[in-house]
Each structure stands twice: as structure tokens, then as C-alpha cells.
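When the chains are written out, they are named A, B, C, D, E and F in that same order, and each has its own residue count from 1.
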Amino acid sequence: MPLDRLPTVMIEPLVRAALLEDFGRAGDLTSDAIVPADLVVRARLTARRPGVIAGLDIAALAFRLLDEKVALSCEHVDGDRIAPGQIIGIVQGPARAILGAERTALNFLCRLSGIASATASIVEAVRGGKARIVCTRKTTPGLRAVEKYAVRAGGGANHRFGLDDAVLIKDNHIAIAGSVRAAIERARARIGHLVKIEVEVDTLRQLEEVLSVGADAILLDNMTLDQLRQAVIMVAGRAVTEASGRITAETAPAIAATGVDLISAGWLTHSAPALDIGLDF
Amino acid sequence: MPLDRLPTVMIEPLVRAALLEDFGRAGDLTSDAIVPADLVVRARLTARRPGVIAGLDIAALAFRLLDEKVALSCEHVDGDRIAPGQIIGIVQGPARAILGAERTALNFLCRLSGIASATASIVEAVRGGKARIVCTRKTTPGLRAVEKYAVRAGGGANHRFGLDDAVLIKDNHIAIAGSVRAAIERARARIGHLVKIEVEVDTLRQLEEVLSVGADAILLDNMTLDQLRQAVIMVAGRAVTEASGRITAETAPAIAATGVDLISAGWLTHSAPALDIGLDF
Amino acid sequence: MPLDRLPTVMIEPLVRAALLEDFGRAGDLTSDAIVPADLVVRARLTARRPGVIAGLDIAALAFRLLDEKVALSCEHVDGDRIAPGQIIGIVQGPARAILGAERTALNFLCRLSGIASATASIVEAVRGGKARIVCTRKTTPGLRAVEKYAVRAGGGANHRFGLDDAVLIKDNHIAIAGSVRAAIERARARIGHLVKIEVEVDTLRQLEEVLSVGADAILLDNMTLDQLRQAVIMVAGRAVTEASGRITAETAPAIAATGVDLISAGWLTHSAPALDIGLDF
Amino acid sequence: MPLDRLPTVMIEPLVRAALLEDFGRAGDLTSDAIVPADLVVRARLTARRPGVIAGLDIAALAFRLLDEKVALSCEHVDGDRIAPGQIIGIVQGPARAILGAERTALNFLCRLSGIASATASIVEAVRGGKARIVCTRKTTPGLRAVEKYAVRAGGGANHRFGLDDAVLIKDNHIAIAGSVRAAIERARARIGHLVKIEVEVDTLRQLEEVLSVGADAILLDNMTLDQLRQAVIMVAGRAVTEASGRITAETAPAIAATGVDLISAGWLTHSAPALDIGLDF
Amino acid sequence: MPLDRLPTVMIEPLVRAALLEDFGRAGDLTSDAIVPADLVVRARLTARRPGVIAGLDIAALAFRLLDEKVALSCEHVDGDRIAPGQIIGIVQGPARAILGAERTALNFLCRLSGIASATASIVEAVRGGKARIVCTRKTTPGLRAVEKYAVRAGGGANHRFGLDDAVLIKDNHIAIAGSVRAAIERARARIGHLVKIEVEVDTLRQLEEVLSVGADAILLDNMTLDQLRQAVIMVAGRAVTEASGRITAETAPAIAATGVDLISAGWLTHSAPALDIGLDF
Amino acid sequence: MPLDRLPTVMIEPLVRAALLEDFGRAGDLTSDAIVPADLVVRARLTARRPGVIAGLDIAALAFRLLDEKVALSCEHVDGDRIAPGQIIGIVQGPARAILGAERTALNFLCRLSGIASATASIVEAVRGGKARIVCTRKTTPGLRAVEKYAVRAGGGANHRFGLDDAVLIKDNHIAIAGSVRAAIERARARIGHLVKIEVEVDTLRQLEEVLSVGADAILLDNMTLDQLRQAVIMVAGRAVTEASGRITAETAPAIAATGVDLISAGWLTHSAPALDIGLDF
């Protein structure tokens, strides 16, 4: 399943803002002072750790926006698994622009590759089963579109992109509505025909109540493996089942084995360590 | 040493953009459908893990920008160490606005508190010595000012904020200049009188060369403890010494014991896991 | 079913931009020249035609952003049906600010009320049946969120808000995929678990093919009443049915009587005439 | 009289914002899932109704900004009258980009062509006479520059572009000033030498008063044909005369025949139905 | 003739941008380090040179946007003539915010007061005559609205605000059109009824040609006093006459004595020295 | 010492905003009416006064952003000294775009060249000595980066770019801290290792106090030549010395002769007259 590129129009504002954040009001003092304006160089983008790459278009755009004479030619595409020391791409062009955009390009690339790698580690842990790994809305403010893209690059799928593309009924909503049934019915009465409803439950009793009303998906939050197994049996295909809570590459296989459709992990976007990628001249 | 607040004018654009990113074009479908518009509630902001808090002003602004009737009254201030279960603050106001801004507020608060907590863990590991913990430019695109703030909240200090507020001569600059001496001299000839120069060295031989020319600070990159000790002796107070490479709470004490002035760690901003903070009604 | 307000954070950028567009570089030449700065007046917002009102919060914000001393106190709320001559609200404050923001406030209010009124005219035409009236993505560039809101104010429901919140497979997609089945299967394989799929069909044969593969909703485009009736029978509740093409208050009742769930009309947002509302001192 | 293009720098921000509004955070789910990334197609832009075209540069920019490999080659230029079924232009390039930008391009093109067509219908109704058709400030918030351009494309002329490029004294201003004379005199005393003054009058008595003070233009609001005829005689070329109120292609010829210089109609921009233009593969 | 305030909505974006430009990514290092967060002070805004003040609302907004607890209470209003040492206003509030916004507030205030003062110096030089002093489009990029406002504060009037609010036919346009007549006629055929035409001439022969065709205003560029006198006689009130070129307080009275209506000077906005205003604690 | 270009990404937002400010909502009325759309011309950029040029990249970008077919080929580079009548560059392309962008291009070019020329006049006055000429933060709001660049083009050096790239302790800070020593110590305790501290002193007694604590630079404000000489002796190379107050080309040589390292002048950026540069067809 090939990965779809994000159109430039979606990433350009982020990259421009990031370059300006790093250049401030005086620009790259070090390179301007030391590097001749006409020096052209070639540098290798190399992974220092194994992982899955994401963000090459963004990195390329960072270099190109600083100086259109810089080109990044990639040996890999987003979603590729990279071994340490492996060359990801070659940047060629004026040395000043390469040094000036280096940190911006790498800040995007390392973060997004970190997310892709974290996602891939869990995706691989459950390979062979039907469970898909999904992210949450716990993303970095301003970077949701690209972080969700990185999850896809790692082989994961995306949960909601915002408060407005699906209904997710949580404990507080249920408490306010008075019951699971009331919450679901209020939602159903209001939403558009292309909006799905997911309900979060903590107990099998709550699950039962959801099933009696119906929902498109059910988030089984912090359940034991036993509870998950039983939940899957109770749901019996009438809704998508999603398990969440303490998901790691170690815990995921057992959770996947319970038969849930989705395993969601907030840390993929809020806490995945950056992948160490460097630029070597 | 009290922590200085970031003025609202600096954080408001970030918070507005984050709210809009989450609200998209249709707003909070779930709360709009389920929560009465006039319901006023009270919720507790609680840490689920121990850590150091950062970002309370930002969280408060997220709630207030969504609805000025929401108020966050804090029992703590940024920089405070929090135990699991401890209440950080109380949010009070219209339930819809609290639910609508919850994720935006927490995405900032958890990330920044994660950075503050990671910083504090190393700061505490070296407590008693003179070494200060500093961050790098490996920050999230768009969030540098607030992530650097979070490092301060954790007791750390800040390195450069951008390419334009100090000179940092790295291996590539030295290679292009031809020698350490040439690089430093070119920089000195060009920069303003309030700009400092730091030079990155990998070997003691390079260090010697830097010392013969002079620099404000010297980044001792990936050196062994022995090398660091020797470097500190060689520098003899003529420059600020900064150690970097593989810094953790475990390795930091020994590095601090070598006598270096600063210990810098990129992962504080690019890979610190978010602190788990929740909002409970 | 009460109408949910759009949060200020979503409408403020639109209103600021609109005020600046009208004020240009020199401001309100006429009022500045003629109206004393300290004159306070009272003006009535009055409908000149019958219709349904939408956009009062936006109008109020336009006045308030120009001068916080201007207040709009409304006798009605968005979604109310208004008779000609009926007073919608009273604006009170400095005359200059009222005159300066008048056109901006009315441009929003008349357009959105026009959309609400057009929607309501069809909603009323099909009242009593189950069919809901929905809008499309044929909205004014930049105003989608508020125009979709106006549709809700008129009693309608919203279709997709963008290319990214649901799948809508049209003839070109089917042609490219090679068949309805291939198109749906490709979509299903790629999308998230909270994304629904709607398929547009022109013929009952195509409908049959969709039903054999399954879809959440089916857009019956430009079908005759007979075809629609038969389509509803064929679908038999397995998908939401949506009729589109030449929808007016005259044609809608017969279409609704075919049993379709939804009737969609692009003209509600792209061609509804503005409602004539005036501000009288 | 050829039509002048709007420079790209003026339309690009509108087009970028519109594309982002439609792409949201996840992009074009349908085309990404179904359409191969490397598929290149050719599509025809065709009018489905007769009318006058406006907005081709904007449509072309929408395609190009999404993917610079998409080209729109036009068989017509803005201002051309188009028959139903007539091909306006050919779009060629990657299918995904064409499908992704289609709605954005058409939303601009159909709206602007609707305005141009409405304008042209009245322009043609009064052809042969001296009266020119003009628009007002009743434009869509954010789109004033392009909607005024569309009026020109339809053969009309533009009234004020904002509150700041001419003085227009209305009833409220006169009431505040105390008299027509006082209002005009206050304005004259304050404005720059390149600013014209227009005064709105409802009665011939008011007209007389304006004429005794002098003005560059006089807006004869909602007058009968008899009143208009008499007004034109009274003005006797000393000011530009503008008739407004209930202007349609049916009423315009008689109004034009009264001898007024201008006929203004707010509905050209606030209520003209979009022209139905489609993109066929 | 009282001076009209610019609405906050027009100046706020400028002030926010200026504060952010000065605060950069780390804020006010000096005050944060030295000034207690809760220290409240009082400072006097004092002119160090005689002049005319302009920009007090902008200065007040700079302080208020940084901290809403800062208030600027003014003893003067824009347009007032100030003697050296005279107190213009009192700023009261948190010391940090006053020090942090000081430079931003003063950069606006000193520049705009410089423009107002330069304008006033010429206005006073020609006092008693009918000639008005006007500015040009030679303004600082981004500040046109506020610089034109400063000219008004100094007692001057405004020329065009942009390329789009009047026609100004210069030598290049005439050369391209082939003749003065052709240029004026082309303009007249295209422009709206509220747009005036001014023509620039260098010689009396050109002036004659303009008069034979007619224009609203005539710019007499770099003419001698004799030529100006003769030009005024030739025009005989049929157009507004504007003299330009080398205008100073010394040359202006004689130019005014020639009978021209307007004297325009680009240097009022592009080269007026800032007025020295300080903030003293 | 060659001058470093500002990257396009830093200047493009300024140039786009300036073009839009001049084009307003209706564009270049005059050229659109008079100049044929396909007319291509050639114009010379010529200095009318002697000076030093700065801003050629910005001017070129203004033309190119309006129409990519316009090219500015320069005979000079920023920093070059130009004699009156000397051709700086040739602009070639569509006449409309050249006329449309002319004022925007010149407004930047004349202002920045004015700053460069003013700087150069003082730089030349002190040529041969070691004193460098530096600017301040008294820049035009929004233009700090380009105005500081213009100072460099004139041979000057830059002082702080904002409140956040160095500490500058002034009289108010000292008063608040209680003493020079307290102020410096508080600053030192808070700032990063790459941040320098400068202290402003009015008297030699204050200077003594600063020297006893230590500082990177000392601003000797408004001192007599005798005081400056003595100050330089007292400092004895332990800090950078900066003289400020009433700096002109006339006073600078004597000040430079006192041995100070830097001479700073706020007027270079806030009051330097624009350099008169014209565009001739």
C-alpha cells in the first residue's frame, strides 16, 4: 500500500515558519562569516540508528525554500526502513544554504521519522494479525497533519484528525448525558450522515450498554487481556473494536491476539523519540 | 531563581492556531451534540506521573480563548515538582469550552511538562556541582520559544535560540575554513560586539588549537570522561566548557564531575516523553 | 434541536479580515468627516424580507471589534424565522463605529441569513417526512465553516466539510478505478475506521453494483422520481440514500416522498440570494 | 475595452487559503485512495449554462498551486460569453491534483462567472444607451477585489471598493449632520483632493439641496421612473447620476432611458447565482 | 478640525508584529533578569525636542498588549504641539512590561511624531494662505496607513493612499500613451465614477495640453516660482493645482504665494527625522 | 569584507505585504488604463544623489513577485558607492509590472540606501581608526532585519537585534536593582552562556563600579571627549567600549580618536534621509 504525499501547499507554511524561527532577525551568523557564498558542496543524509524514514519532502522543501539551487536527491522514500549508516539522500548545492537549512530539515525529519519508527515497531510486533495500529489527537500543536502522515509512513492508520471529523464519546460526555444510551442518541440526532460515532468504555457492563444502542466503533480503554477477549466476543463484529492503554511493542502482540481491530497509542505522536539522522559533508 | 513568564503576546498565536487545528471547520461535534450549552462544570488538572510542570499559562489561555468564562486557577506554578495524583489546578466554566479546549491545553501542557521533567531529572542528578544543563536547537518546529521556556522551568539553561544569536563553529565550518584558526578568525572579523563564539571540538588536539586562538565557549563533543577531565584542565577557565553526547540522568553525574561548565542534551526537546496529565471532571 | 454557536476563535479571523478589507488604508472617510466622535446612537437591525436569521454572533463581533463600546442586543437568535419589518436586534454605541462596521456586519448577516432562509424553505417543504436537507462543498472560498453553520441554522444538515472528512466516490474515480467495486475496495483498504464512504451513482445498474460491495451512503444523482423510488427499495435501508440534482422547494416534496434519507442542494450555499436586512437609525 | 488581469500577488493568498480549507488536515482521502499517483489525465472545463466567464486565472492558479505539473490552457478569456456545452479550457496533468483542486477552482470560477453573467445580463439590457452598470460594497467578506473584478468582466463598472476611497453620504449621515448642506460641507472640509463625494437622496427636494451645495455624484435611491427623469433634468450634467433599487434586466432599460449615468445593483455581488461550470474527464 | 483616531483593528496587527520582532524567541532578557515581576512603576513620556505628537494610541496599545495592567494616561492628544521637557503622558503598571514595550512604543511614537512635526513645520510656514501640505506614496513599506495619519496629525492632508484610489498620470504614462490627451482619455474611459484623475506636468506647454482635455488635479513638478504663478493663472480654478519638488519650510511660503492649492513633499514620510521622545522613570 | 545576502525567505513576506499595501483592492488604476498589457520596456535605476546602495535584492523581488517576466540586472551590488547619475541597474519586462512595482521597489531601495549612506558617511569619517560604527534598536517597526542589513551595507556593524540576544543594562535597570553591581550580578545569574552583558553608564564613577564587577561591553552615554578618553584608559581593554550621543560625521572623528571601540547612533535607522533613486524609462 503506497504512501500518499502531502501536497506542498499543506507543508510549505510550516517549513517557512520553521526557517524563519531559526534564522531570526540576523540569519545564520556562523555560515555567513565562514562559508564562501559561492561554495557548492554535497552532503549525505545518513541514519545513525535503525528506523523508518518520514519527512523527506519536508526536508527537501526546507533546503529548496532557502535556496532553490539546493537539491535533495533521495535514495529512499518515506516509509522505507533504514539501517544505521545507510545513506538516505544526497543534498547538493550552495554550502551556506545547506548549513542554514540543515537544522530545520533535520528537526522535521528526525521527529517525523521517530514517529514513523515507533509506529513501525508496533506494526511489526503485530504483523500477521488483523489489528491495525492507530494514533490519537495527542499530537504536537501545529503539526497534526504531518505527524499523522508520519504514522501512516510507519504503517499505522489514523484516528480522528480533530474534534470535527468524528464523534468520540468519552466518560465525561456519558456522565453529562446521564447514560451511554442518552449520549449516543443525542449524538446520532445531531450529526451528519458521514460522521461515525465511537464510544469509550471502561467496563464490560458499559460495553453491553453501547452494544444495545449501537455505535460504529468502541474504544476499550485500559482493559485486561481477558476483558478485551470477552469484549471482542460480545461485540461480535457489530462495531470496530479499539484497545488503548499502555501499548508497547512488548504488550501489543498479546493485545492483538485478543482479536481487537485497532490498537491505539497516544505516545506514538507525543512521546516517540526522534530518530537520529545526520547530515555529513 | 524564579521563572519568568512568557508574555501573552508571544504565546497567543500558538494557542489560537492549535485550537483552530483541533476545531477544524465543524468544531467539537461530540460536545456540541451531547453537552448542554449552559452547563457549568469544574474539573481537576491532575498529574498521573511525577514530574515538573510547565505550560500552565498556555493551558489557561487555551481555555480562555475558547470561552472567556472559563478560568483555570492553579495550585502550582510552572517549575513546581508534582507527585502523581496531585492536583495542579482547577478549571471552572462552561463544560463545552472545557471539553473543547481540553486536548489543546493538555497537548501543550504535557509536552512542555515532559521537557521540564526530563530537564529536571538531569539537573537533579548533577545537583551540588556547578554544571548546568542546557538544551539545543533540536526543538519542535514552531515551538522553540516555549520549549526553551520549558527547559528553564525544569531548572535548565538555554543554548542558542537560533542561528542568529551566537556563533557555533562546527566540524563542517572548520573543514570549509581550512582550520580551526581560520574559522574563528573569520567569525571574529564579522560578528557584532555582543555575539559570542563557541567552537565544537572532537579531540584534544583540536581543543588546543581553539585555545591558541581563543573562544568564548568550547563544545566538547562525544568525549570520554578522561578526555573531558583533561579538556577542563587544558581550558583552565579561559572558556566555558560544554560536554555533549549521550547525556542521561545516569551518565550526567560523572560528566559533571569532570568539571565541565555545561552539559547539553538535544533529547530534552526532541525526545523527552510527554508528562501524563489529565483533566478529570 | 438547539443550534450550536461557533466559538469566537473560529469567526474572529474572518471578521477582522472583513473589517480591514472595508477600511482599507484610510478608514471610513465619510463618518470620520461627518459624525462627531462622541455621538452615541441606537440603531435597529430589521429584516426587509421574511426569512431565517443566521450570523448574529458574527455581526455582533464586527461591531465589537471596531469599538468595544458597541453592543448588539438581539431579540432573536440564529435559526429564528423573521417577518418583514421585524426587529432582529438593537445596536447601541458610538455612531462612527456602528456606521463603520455596518456593511461588514450586514454582508455576513445577509449572506448567512440568505443561506439559512433558502435551506429553511426546502426544509419546510419536506416537513413531516424523514428526508433531511443537506448542503455540499460548493461554498464560498474561505467561508465554508460559517456557511455550513448557516445551513444548520436553516434546519438543514451538513454533508462533507472538506476532502478529508469522508470519502465520496464520483464518476471520475470510478472510471479511473475501472469499476465501482474496485473504487470502493481501494477506498476501504486505505481509510481510517471513522471515515465513511459514499458513492455517487447515475443509474440503477451502478446502484446494484454499489450494493453488492457495500457503502455507507449512496448519492443518487439526477435520477427521476421513479428511479429514486426504485433505488430506495433496492437499498432497503442498507445505506443512507441521498438524492441530488435540481432541488427546489417545489421539487423537494416529491423527491422526499420517494423515501430517500437526504436531499442535497449545492445552490443553498453557492446561489442562495442574500436576505435583505437593514440597519436603521 | 480589454479586461485587466489581477496580479498573481493579489489572488494567491485567497487561492492558498481555499485549497487549505478544502484539504483540511488529511487531504483528499478519496483520490489518494483510488487514483494512482502517476496517472496523468486531461479534463474539459465546460459551461453547462450560458453566461460570461470570469476567474480563469484563479482557477489555473488553484490547479498549479496544488501541483505545478497541472496546466490549464484556455480557449477563452475572462469576459467571454459562453454557450452551454462550450469548452472553456483544458486541464492537463496528474489526475490527483486535478481532482484535488477541482472544487476550489470551480468554487471561484462559478461564483465569479455568476457575477459576471448577472452583470452582463443587465449591461446587455441597456446596451446602446449611455448608462453604465455598477456594483456596490455588498460583496462577500474577503472576496471584494475578485468580485469587483468579476463585475468588470461582465462589462460593468465598479463603485467604491471600500469606506476609504470615496465619500458616500447616506441618510444616517445627513440626519447626524442636521442637513444635506452641513454633511457635504463637513466632508469637503476634511477629504483629500482626489476624493470624490457622492450623496444619496430619496426625494427631489433633497436633490435640490444637494445641487445647491454641489457634489460629484448623486445616488437617486428607489425613485420612480418619473422622479428619475426629473432628477436627470434637474442635475443637468452637474453631477454623475446613479439610480439604485430593484434593478433587474427587466427594469433596467426603462431606468436607463431616464438618462441616468449609472445603475447600481447590490445583488450582482451578493445574490447572483453561480454559473454552472463543470470539469469533465 | 479634530483628528480622527485610527480604529484599533487597523493598528493592532502592526503593534503585535513589532512587539514580537523585538521580543524574538527569548523575550526581554535584561528586565526578566533584573526587574522583579511584581514591581509596579510610573514613567513619564517626555519630549526632548519641540514637535507635534502622533501615535499615542499606538504607544498605548503596545504597552497594553504586553500587559493589560499597563495604562498610558495622556496629557496630550495626537496633533498637539509639544515643547521640550513637556510631559506627554504617564505610563503606569508592571515595570517589566513598561520596559519591555518601551522601545516598540517609542519606535512608533518617535517616527510618527517626526512625520507630524515635519508636516507641521511646513503647514505653519504657509499658514494664512490657502495652500495645503500633502504627502505622497513614498512611505515606509507596511506603515502607510499610520504614516498618512501622522501627516494629518501634523495638519497636512493626504494624497493617494495607493495605486488604486486615484489616477495619477506621470511622464512614463504619457510617453507610452503617445500624448497627454491620449493618456487622459484612456484613463477616463476606464475608471469608476468616483475616481479622480491627476496629471503630472513639467512644462507650461504640457499644462496647456492637460487643460484642453481636462483633469481633476494637476501636479506641477519642479517648476520655478514664475512658472507656478503662470500655471495657476492658466488653470484658473479649473483643476486643483499641486506644486512639488524641493519643498522645505524655507521654500514653501514663496511657493504657496504663487496660488497653488497643494504643496506635496515626499520627504515628510520618507526622510523626516524622528522626534526625540523618551520614557523616564 | 563581502556583504552577505539576506535569504529570500526572510524578505519575501515584507515585499508581498508592501505590494499588497500599494495595490489595495483595485490594483494600479493608472497603468491598467493607459499601458498596453503586452508592452515590454526597459528602465534605468539611477541614483540622483551620491550614496551607498542597499536593497537591490528586495527591489528585484518586488518586480519579480508582481510579474516573473520582469528582471532587474544590476551593474552594482549592495554596499557599492554610487555617484549621482550613475546607473545602478536595468529593469526589463512588461511595462505594467515595472510601473506597478516601481514605488514598492523604490520605497525599500531608497530607505535602505539612505541608511547605508548615512552609515557610510560616518564610517568614512573615522576610517583609519579602529572604531566601528554601530546601529541600535531604534528601527522602523517590522523592518529591523533589513534596516540592520542596510547598516552592514554601509560598512557599519550591528548592535542588538532585539531584547533577547544580549543584555543591555540601562539606568532604569540599575535604579531598580539598587546598584550597578546588583544589576550585573542578577543578569549574570540568569542568562545563558552565549549571552553577553553590556552596561550603560553616564559617569566615570559608574564606570568604575561596572569595571569592579565586570561586563562584556560598556556603553558610555553622552560623555565629553575628555570623559571618553579617561574611560578608555580606565577600561584598559577589559571590555568593549561604546560611545553614544550626538554622533555625526563631524563629531565622529574626535570621538573615534578617544580610543573607543564602537560609536553607536540611533539616527542611522530612525532618521537617515532616504537616498534619492529614480526609475527612468
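Heads up, the rule we're going with is that a contact is a pair of C-beta atoms (placed from the backbone, for glycine too) under 8 Å apart; a residue touches a chain by one contact, two chains touch by 3 or more.
These numbers come from a predicted model, not from an experiment.
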Problem - Per Cα centroids, the chain farthest from chain E - result: A
Practice task
Count the C-beta pairs in contact for C-D and for B-D, then report the pair with the higher count.
Solution key: C-D
Completion exercise
CA centroids of chain B and chain C: separation to the nearest Å works out as 44
Exercise for the section: Please set out, as single numbers or ranges, the residues of chain C touching at least two other chains. Expected result: 21, 23-27, 32, 100, 144, 158, 161-162, 164-166, 189-190, 195
Exercise for the section: Write out the stretch or stretches of chain B touching chain F in their complex. Expected result: 1, 132, 134, 157-161, 164-166, 189-190, 192-196, 198, 216-217, 240, 242, 261-262
Problem - chain D residues touching chain B - in the complex, by the definition given at the top - result: 21, 24-25
Handout entry: Touch list for chain D against partner chain A, complex
Key = 16, 19-20, 23-27, 32, 37, 65-67, 97, 100
Handout entry: chain F residues touching chain A - in the complex, by the definition given at the top
Key = 2, 4-7, 9-10, 144-145, 148, 158, 161-162, 165
Handout entry: Touch list for chain F against partner chain E, complex
Key = 14-15, 17-18, 21-36, 39, 41, 95, 99-100, 103-104, 106-108, 110-111, 114, 137-144, 161-173, 175-177, 183, 186-187, 189-191, 195, 267, 270-274, 281
